[in-house]
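What follows is a pair of complexes built around chain A, which joins chain B in one and chain C in the other.
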Partner chain A sequence: MLVFFLIPVLILTVYSFWSVENFQVQRDFSFDNYTAIFTKPLLYKAFLLSLRVAFFSSFGAVLLAFPFAYFIAKKVVKYQSLALLAVIVPFWTSFILRAYAWRILLGPNGVINQGLEAAGLIEEPIGALLYSPTATGIGLLYVYLPLAILPIYSVLERLPDSLTEAAADLGASPFQVFREVVLPLSMPGVLVAGVFTFVFGIGEYVIPALLGGGKQLLYAEAIVLRINAQQDWPAAAAMAIVLMVLTFGMVALLGRRVRKMELF
Partner chain B sequence: MLRVYAVLIFAFLYVPILTIIVFSFGESVYPTLPITDWTLEWYRTALTDSQLLEALTKSLIIAPLVGFISATVGLLAARELARREFRGKGLVLLVLLGPLLVPLIVFGLGLLLLFSSLDVPSSIWGAVIAHSVFGISLSTLILYSRLISFRESLMESAADLGAAPARAFFEVMLPLVFPAFAAAFLLSFTLSFDEFIVAWFVIGFDTTLPVEIWGRLRYGITPEINAIATVVLLVSLTLGVLGQKLASQRKDES
Partner chain C sequence: MSQERQPAGVSLIDVTRRFGDVEAVKNVSFDIEAGEFVSLLGPSGCGKTTTLRMIAGFEYPDEGDITLDGKSIVATPPYRRDTSMVFQDYALFPHRSVAQNLAFGLRMRKIPKDEIRAKIETMLELVELPGLGDRKPDQLSGGQQQRVALGRALIVDPAVLLLDEPLGALDLQLRKQMQLELKRIHREIGITFIYVTHDQEEAITMSDRIAVMNQGSVEQIGPATEIYARPETAFVAEFIGDANVLLATVVAVGEKPTVTFAADTLTMEVARPARTFSERDVVSAVVRPENVSIGPDADSFDNVYDMEVSEVIFAGSYVRIHGLIGGSPLWLTTTVSDASRSNQVGSRVRVGWDAGDVVLVEWKS
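This part shows the complex of A and B:
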């Protein structure tokens, strides 16, 4: 297994220093593929847009997830495991199909536009709902929401009620209890949720390709474009390596932060 | 308040899935409301579409193979990890997480370059290998958390009572870890059955079901997609529920 995981990564690294001429891979050595990522407008724009979309969707996911996770962890007693199951199960269904569902919902004649029209809130369909970075953001938020709920749930579930009760007994208002007891103690879960939804969001291809409309490319779309349109494997490899380093780097940082926090 | 909110979140999680299912029975070619007439036509179209069926068959060959390879290798690896303490164990567990964390597009591209530089012709085996890498990671982690509580002394007692290692394995260990083994099988199966990007990269002209669905989604309105999607969603929902239930059983018994 390690062979099939580590060797592809090594090969990518080797390829990323090669170049391409007339659709032929040249086995030379240069950093051009890497510098191109940060100097070619198409590429760095895609990179920045991916960062932005992933940031907003993961921020949104954590924000939506927190009260929900709190509810499941603290207020649901009898059906807690059932509720958790219901959160996880959508995660096991087809990614493509969950993204496709949003195409039905967000389209100009889609369910959401029709609903808003019927309610008299808008006069004509909002065209920008679908095929825009916003649509991609909604799609990402949707598919990764379970991933944000679970870690937050697991820290809240372990948070003893006696702590919040003690704070309340000592005269803290509910808001103070939340800000000074619940939030700091659930920070590891919040960080795990945020980082994971973020790093998965940056590398996502299916959702922007189905919902993003192709006018403003995201990073993963730019990688696929390099391969399909230009057969430029080395450039695609370099972009992939940058993505991977970013992903593992963030997860490693997260690991250190979280371990430190749990120490005390 | 919080209760209403929770209901809304559940709605948010499930309405998109239900939308596809509802529209699969709608007569109109375009998925728009209101649905005036109901039909099973799209199911008939999907079930008589030989290309779609061929893709489904391939997925149904790949997924069980991946499930079986992943659960078996995962069991062996998890057992070694669980019964032995050694230096660098934390590192091994971390590396196991790698395939689950690496962006799929990175892994797909890397594997494609590996196969092409070895001149391996693209075939369903590429997809089996690729999906097994994720499956083994997932299975090892599921089985590891189960085996941590498995008492190795049970195996020793079995040996003392004269059971051959194979017999001890099948009659003592397997029944105890079976729920986790089944969970690993089902979840790896589901993972493979639904996985698109890596399969798309490595499989060449053979298409799995997700790759076939992808191709159709990119070219306009194809209402039979809703029908096949409903079938796929129900399959993965069922397997997902079963797998998760089995995976979380460990605390209740033993």
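This part shows the complex of A and C:
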């Protein structure tokens, strides 16, 4: 922990206060790298875009994950382990491989376009399928869905059936049972799912690059750009630290919030 | 505005419920009168909880019909049924206070806020929890949670209250106290109570009538005294109270029905059985231990035998004596003073009982 995490982070922190001139690292001390993140349009736009992508992908993933999780926890009790396995199996394959798989599905000569063509629904392949915000969205949802299903599943699975039955018994319609009992009591899982996917989403790099075509600069891409193209390690370090503080902060807040909600 | 509900009768007509290949409830029929306190009593897995859950609407019958107040309710979802359930685990909403738990059913019925507040106060009084409305369920003791669950079910003025082993999680002392309290509440509000339990004493203490269930069927339904005195099956005889169940063969029917039993083929006179048997029928002869007399007094009874005492057990207010008559085991209970007079292990004593104290039921191995 100390060697592999704390020390690199310390080095990173020190780096972030240095600067670069003529591709040479200058060992001085300034906050310029930090102020740049929030003043340079290129950087803060990338930051805001990443926030937006993270927000929508995590919101979407949680929204989609809830019914999945509910179904696994309460409806297919007999095949529960099989259903859970199906959720986890994608983790066994490389993340990059799965992103490429989507390129094959969405590309101009991809399965979806060819299928639609064969069915006579379209004449030209839909070029916008790949390298579009839609493609990024699909890819992100696909990657985050299992991450969101698992925590929601785990709270729903622990939710005693007698609670929903009691609510129904007292006159609550299925919708009211959901609003009054299921949703409030599954909030810890929903929050964990939301924050996890958000934290992954804000540092997202591979999916937008492979499926979105990198048309708009995301924060993580901007960091890579700093290192690769500009050789500006200190600036990259500062950006990485901002991202890290943000995600750690959210996880810490989440931890406190969920502990307060531990209900059963 | 809500008006006081009239209690309603509940009828089950040939109700069957299967889980896969297992018939959890088989062809069950009974009628419960409006305002009655009926217990469904039986060992675990006998179908009593499934029966209750079908009345509540959480399970549906595969066959048969269930009526409330004469109208079929099998197609009515639980949230529109005029029944309320007290769950075994209480099922209190952990994210809501006691008052909010009580208010839940009223809110679902769109009752005005001030009326809800008044009803909560009244209910907290009835279940003897005044001033605890702001607590969360996990800040209450088991007994208090039980009262909240009861109050939450009663506050909506149901026609029928369904109770699924509600006292199972409480210790003995508290259970006895709550039994009396449930009886008081039943008397005060007068609605129909259907109570599921595996505890015969609980059923006997509280119910107007008991339905004894075994393997998905109702074996007998009636007042506790009747079930105790005239069990219709060997299972009922052994489940309610204690019993000697003796394998016997009918040798004479008519005026003086007689059976033989035990290895030595002892004969025993019986009163006329509830159902008719023919000669040579194999039956169970049920004799309650407390109906067996011991010592010189035993000679005045219809059936008198010699017993070899094999065990004398002091059980507080009474003594249990085990022995063999004609090679067949028998046990009886007697007072401490009677026991001390005669019986040491190994001694031979006279035992006897009246023909009227023997109940013949079909043999079940």
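Observations on the model:
Following the convention adopted for this analysis, the second predicted complex is superposed on the first by the 244 of 264 C-alpha atoms of A that agree within 3 Å, B and C clash if a C-alpha of one lies under 4 Å from a C-alpha of the other, contacts with A are read in each partner's own complex, and residues count from 1 in each chain.
As a convention for this text, contacts are C-beta pairs under 8 Å (C-beta built on N, C-alpha and C of every residue); 3 or more make two chains touch, one makes a residue touch a chain.
What you are looking at is a predicted structure, and each value in this text was computed from that prediction instead of being measured.
On the superposed chain A, the two partners chain B and chain C both fit, without a clash. In the superposition on chain A, contact of A:Val181 is made with chain C only, not with chain B. In the overlay built on the shared chain, the residue A:Gly110 is in contact with chain B alone; chain C does not reach it.
Once chain A of one complex is fitted onto chain A of the other, the partner contacts of A:Leu121 are absent, as it touches neither chain B nor chain C. When the two structures are aligned on the shared chain, A:Val77 is found in touch with neither chain B nor chain C.
Of the two partner chains placed by superposition, A:Ala229 touches none, neither chain B nor chain C. Once the two complexes are overlaid on the shared chain, A:Leu170 sits against chain C while remaining clear of chain B. Contacts of A:Pro160 after superposition: chain C is touched, whereas chain B is not reached.
Partner contacting the larger number of chain A residues, of chain B and chain C: B. No C-alpha atom of chain B lies closer than 19 Å to any C-alpha atom of chain C in the overlay. Overlaid on A, the two complexes show chain B and chain C touching no common residue of chain A.
On the chain A side of its complex with chain C, the touching residues are 160, 162-163, 165-173, 176, 180-181, 184-185, 263-264.
Interface of chain A with chain B (complex): residues 1-2, 4-5, 7-9, 11-12, 15, 64, 67-68, 70-72, 75, 81, 83, 85-98, 100-105, 107, 109-111, 114-115, 142, 145-146, 199-200, 202-203, 205-206, 209-210, 220, 223-224, 227, 233, 236-237, 240-241, 243-244, 247-248, 251.
Per the touch definition, chain B reaches chain A in the complex via residues 2-3, 5-6, 9-10, 12-17, 19-20, 23, 30-33, 73, 95, 98-99, 101-107, 109-111, 113-114, 117, 129-130, 132-133, 136-137, 187, 190-191, 194-197, 210, 213-214, 217-218, 225, 229, 232-233, 236-237, 239-241, 243-245, 248. Within the complex formed with chain A, the residues of chain C that make contact are 56-58, 77-81, 83-85, 87-89, 91-95, 104-105, 108-109, 152-153, 156.
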